[in-house]
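Two complexes come next, and they have one chain in common, chain A, joined by chain B in the first and chain C in the second.
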Partner chain A sequence: MSASEQVIQLEKTDPKFVEEIIEYGSKIFGREHMETITACFQCGTCSGSCPSGRRTAYRTRLVMRKALLGLKDEVLSSEELWYCTTCYTCYERCPRGVRTTDIIRVIRNIAAKSGRMKEQHKRVARLLIRFGHAVPITDEFKEIRKALGLSELPPTVHSYPEALDEVRKLIKIMKFDQMVGYQESG
Partner chain B sequence: MDSDKIGVFICHCGSNIAGVIDIKRVLNEIARAPNVFVMDHTYLCSKEGLNELKRKIAEEKLSKVVIAACSPRLHERLFRRAAEEAGLNPFLVEFVNIREQCSWPHMYSPTAATNKAIALIKMGIEKARLLTPIQRRYARAKKRVLVIGGGVAGITAALSLASLGIEVYLVEKQPTLGGHMAMLDKLFPTLDCSICILAPLMSEVSEHPMIKVLTLSEVTSIKGRPGDFEVEILKRPRYVNEEKCVGCIEICSKTCPVEVPNEFDMGLRPRKAIYLPFPQAVPLLAVIDPDHCIGCRNCEDACERDAIDFNQTPERIRIHVGAIIVATGYETFDARLKSEYGYGRYPDVITSLELERLLSPSGPTRGRVVRLSNGKEPRRIVFIQCVGSRDESVGNPYCSRICCTASIKEAICIKERIPDAEVFILFQDIRTYGKGYEEFLLKAMRDFGIKIIRGRASSVTANENGDDLIVRAENTLTGEIMEINADLVVLSVGLVPPSDTEDLARMLGISQSSDGFLLERHPKLAPSETMIQGIYIAGTIQGPKDIQDTVAHSKSAALDAANFVLHEKIELDPYVPTYNPDLCKRCRLCEEACDWGALTFDKEKGVIINSSACLGCGACVAACPTGALDMPYFTNQQIIAQIHATLENKCEFPLIVAFLCNWCGYAAADFAGTTKIQYPTNIRPIRVMCTARVSPLMILEAFKAGADGVLVVGCHPQDCHYRTGFSKAERRISALKKYLENVGINPRRLKIASTSASEGERFANIVREFVEELKKLGPIGSELVMKSAG
Partner chain C sequence: MKYALFLGCMIPLRLPNLEYATRNVLAEFGVELVDMREATCCPDPIGIRNMDYLTWLAIAARNLAVADEMGLDILTLCNGCYETLKTAYVTLTEDAEMREKINEILAKANREFKGKAKVKHLLEVFYHDIGLQKIREMVKRPLEGLKVAAHYGCHILRPSEILKFDDPENPRKLDELVEALGATPQQYEMKTLCCGAGLRNVMSEYSIRMAREKLVRVKEAGADCMVVACPFCFIQYDMGQFEIRRLTKERFDIPVFYFSELLGYAIGLSPRELGLGMHRVKVDRVLKKIR
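On to the complex of A and B.
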């Protein structure tokens, strides 16, 4: 690693990255919600509260920091971005009202759009397209449902295959299948 | 008067005004008005600027003056005095606010801001043409001051006033003076003993011939006016004869069978129903707590001096004072609201104030620091900072300022007692800004080995055995998640305003800032004054402060109050209605409109105005259907001239005529400007003392002249400076809306709203929303066109 790689060079950052995140998320959560990212004062309540951060190198605080600094490439290509379990503890505790979890989700969307979705997530997404569920039902669960006096299949696409067709249609329109590398055969 | 010559003085305020508004264009535009002399100046408020103003008044033989500069709330007195010195009546000066209400809130729309400035100045000129001289009004102030709150702030203020020969009533809710400072062990950054420096002041106050101390007392009502407030105080019974009791306490309290937690020790040890709050209490008298006394009268039998008196009853004391100082201090943040820290769930999670009591040699443990769960000495202690401060999740966005240095001090005190204990401070930003504080932090780290870690604690949980606490936080400087096993956790709780502050503010007619503390008149230049003359604030009731700042602030409040009551005469608002009996139809609506009994009716003479009872709101004037009553400086004619001046040349759509009350609406607009909150340029503010002054006639006149909307902004009903002024305005406006509907004008074009003086953002939102709404409605008259077409 050369010396210059150890230094954050502002020329290599993208000062518009935060605005990009806010803009992208505004369509989903509204602008005010997304703009809370600019209020982050790096206290670490989020990382300290994070169940994933206890086991992995994922640091919510750092994602916010890097996004604010415009380290676009680093944020979008980081493996850790995909470690958030979306439990919303940080969101609830943030003393600045930063809508952390939603912001992380938006950043993931941007990463996915640019083809940087983590392979494991793609695999789950392919399950969704195939079965209409990220976690499809198994024989074991069928048995449990029966034992509980429920129908073997839940009243979802599992019971209504025609609804699954509609889900797939939507996914195709949105080109989500291409994004996650889904092929008809399977 | 045709011979009138109006002098218009336009201030650049450096680039504050001139950086946005095109002064040249304004000068050209204004010069075209008839009988006007116009000039500009870089800083009109400077000595040189004022001299220029005076010189021009003489040279140009000006009969009226228009000052287009900052808000009149800032320099009104200054400019009036200058005009007076130049030989003009001071009320022949009109103010046009082109800074707070023009250049600052419209920083990014210079063209529209310039147009607005021109319109505002024209309004000012037309009003100025109609100004008539008004006599200044004076009153004598009572040379007596009420100080509310007997903590270090109130004590300091009382002593400062008394030393100037001013009589003081010091009112304290608790049975003793001392406040929070009496509960503290040592003080930063000198580590001197708190009660040791406070107790002598407490005694001095109680023995001072000019100070009357009233403990167990609360102010229940305040009437009257600056210089002569009529105050009612409720003194609760002590049930102990103050003359006979010598405070020996042991004899009586020993026989008392009741035990309740002692509030002074944060409930960490019991007291009896007859007790002395703490050994240095002033007055040094026993007190019986009527909520817990069971009436066994053992104490009565035990007291050798016959001091117990169960026949005492609450006493109502009425006094007249010239000025009031509010020094009611603070409360600490309720740590239970941060449930993730486990306060109230784990006995070894305590607050900083509880720790102070443990550290105090007169406290429940005589100065030993122990775990509340097992009474043992803790080995590892973690301080969590910013509990209830800088935290929007609990609605307290502000920094409490004292907690950083207080925790450093408490950490040192622990290390002095338990040298091998490990002490951590989990901080977010260490703010040791005071004199000697940074050195104090250095001492804590270097000499005592106190470890400071940057990261806000995210949770406190118990370990599996339940005997240890686990504090989790990210060490934000290394990016590592830390779990610290601790046997004592201290929550460094922030400061919040006392829970009764809203009631007190309402009683006094003063405002709270958005954080709930009391609002000062100017954050830099008038930190102890309020918007109301004669009412001052001292210490933490204005905002979190350490003792150093509290003392300085209290002395400044005392100086302000002294200055006010020691003056031979004080100037009152000169606005008292005028009466023309020839126009009066004897309907007596004015009498009903006055809350102050300032108007009486005489069959012969008609309306009689008692000017000393009049507060100048103008509600009576607005109620007068014939114009028999009028308000100097805010006459019907003058206001209507302002309305016509701005609508003569409608330069934008929608155009809104806005009546803003002096105390809240206008102040909030100023505040929006000062904080550079941006909102549309479409409003043309007209200042009135109270929204109750706005008569239906003015509103109708505005619509008739082409206003697309009329906005009336006053105080929140509970904050109204004239008590019911805003409510009166609301009633009038809702009646008027029905009328508008009948004549075919959409009633949504008339809007009334309230703000407090500190709600700049709220004010801006009111304007933004109204502008949007009017855009949808279209220009005035659209509804009539549609009606006739449809």
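On to the complex of A and C.
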């Protein structure tokens, strides 16, 4: 990394980004919950506790810092944003009461809204809309279920497809089908 | 005791042997299960929720509303389903504004979240509703001499302010359940470390390396086997051992049990009645140690 890359250029920051995060998350978790991000004093308990950070370049502390500095594009387009497993260890341990994991979720929601989500997650979502299960049945597992003496299809929406219509209706209302690129035929 | 059984995805569709074992074990305890026929995916607490929280909440609320209509508390077999459904339950119970908003959406599908059906994890049912005493009385084949490393998984413990199952840093309940079967709970380093399943879909190599971290500690501690309470953790540690072998050439050979299986064996069910032949890491060697 060259020296110029380490310099944060003010014109490339969005000072309103942290307010955008708080505002977006307030509708889900309430304002008080979200405002805890401003209490972060960069102690690093989150990164030190992070099971993903042991193995990947994901650094919770860095995400918090960058969010507070307004480095919006960097935060929203970083690959590492998707490496949190949501284990909530940092959430439990933060000495400043920052609601880290929920804040990460909100930042991911904001990223997803502008199309910056993982293709793998979109695929899971499309399976949910198509089958009602994120991991649908296969012929192999029909056979295994039968061999065990269980019903070939589990007694869920897989056996009662009229319930799936309900779910699709809800998903359409939320416009979630558009978000994940679901098409009824394909 | 009677519950609405919420199967989720991973157990009925990829690990049906765990569904089979759990149904057989609960029947031995006289627990009645009513299938939630209209239930879908919980939905998945990581992928779906991280793209659109409100869609996740609405679909979870619909599953809760199905149980409300059945008039029964929900029994979940998976930490992921447990965290999704319980977080949704607590959110909609405590946040009147959110409840109104979600119920307006659910009304379009003729559903309503009433908050009557509570959400229980399988371990809660064993620990609280059935109880250690009853379990001890049912044990016919005490697992004496077996050192069992308990892996709780994240989404049964944290966020503790919502789940309230056990101490998030020093959980004891699964160890106590293991002890009730006559086995010895084996303590090991990094007991509350995540299995890495949440990363499997996005970054499978790192996910497997995360699972390895714990297997190394379990092996070092000298445990005979592991016990888990979640199908995602089960896959990470059972099938995961073969993926690690491909990646690092290490061989762990640590059998992994889902709690119902270990309990079922202790109360005298046969390996066949528990579907134990379907494990990737074979369990026979460990079972022989008991006799």
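Please note the rule applied: the second predicted complex is superposed on the first by the 156 of 186 C-alpha atoms of A that agree within 3 Å, B and C clash if a C-alpha of one lies under 4 Å from a C-alpha of the other, contacts with A are read in each partner's own complex, and residues count from 1 in each chain.
Keep in mind that, in the parts below, a residue touches a chain if its C-beta (ideal position, glycine included) is under 8 Å from a C-beta of that chain, and two chains touch if they have at least 3 such contacts.
Since we're looking at a predicted model, the values are computed, not measured.
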Taking the superposition on A as described, I'd like to know which of chain B and chain C A:164 touches: first, second, both or neither. second
Tell me which partner A:28 touches in the superposition: chain B (first), chain C (second), both or neither. second
Answer with first, second, both or neither: which of chain B and chain C does A:54 touch in the superposed model? both
Check whether A:150 is in contact with chain B, with chain C, with both or with neither, and answer first, second, both or neither. second
If you count the residues of chain A that each partner touches, which comes out higher, chain B or chain C? C
Could you say whether A:130 touches chain B, chain C, both of them, or neither, answering first, second, both or neither? neither
Does the superposition put A:16 against chain B (first), chain C (second), both, or neither? neither
Report for A:88: first if it touches chain B alone, second if chain C alone, otherwise both or neither. second
Overlap of the chain B and chain C interfaces on chain A comprises residues 54, 92
Where on chain C does chain A make contact in their complex? 7, 9-10, 12-14, 16-17, 19-20, 35-41, 43-55, 58-59, 62, 95, 98, 105-106, 108-111, 154-155, 158-160, 168-169, 192-194, 196-199, 201-203, 206, 209-210, 213, 275, 278
Residues of chain B defined as touching chain A within the complex: 340, 386, 390-393, 428, 454-459, 472-476, 479, 481
Contacts from chain A onto chain C in the complex sit at residues 28, 30, 51-52, 54-56, 82-89, 91-92, 101, 105-106, 108-109, 112-113, 117-118, 120-122, 124-125, 128, 132-138, 141, 144-145, 148-150, 154-157, 159-160, 163-164, 166-167, 169-171, 173-174, 176, 179-180
Looking at the complex, which residues from chain A come into contact with chain B? 41-50, 53-54, 59, 61-62, 92-97
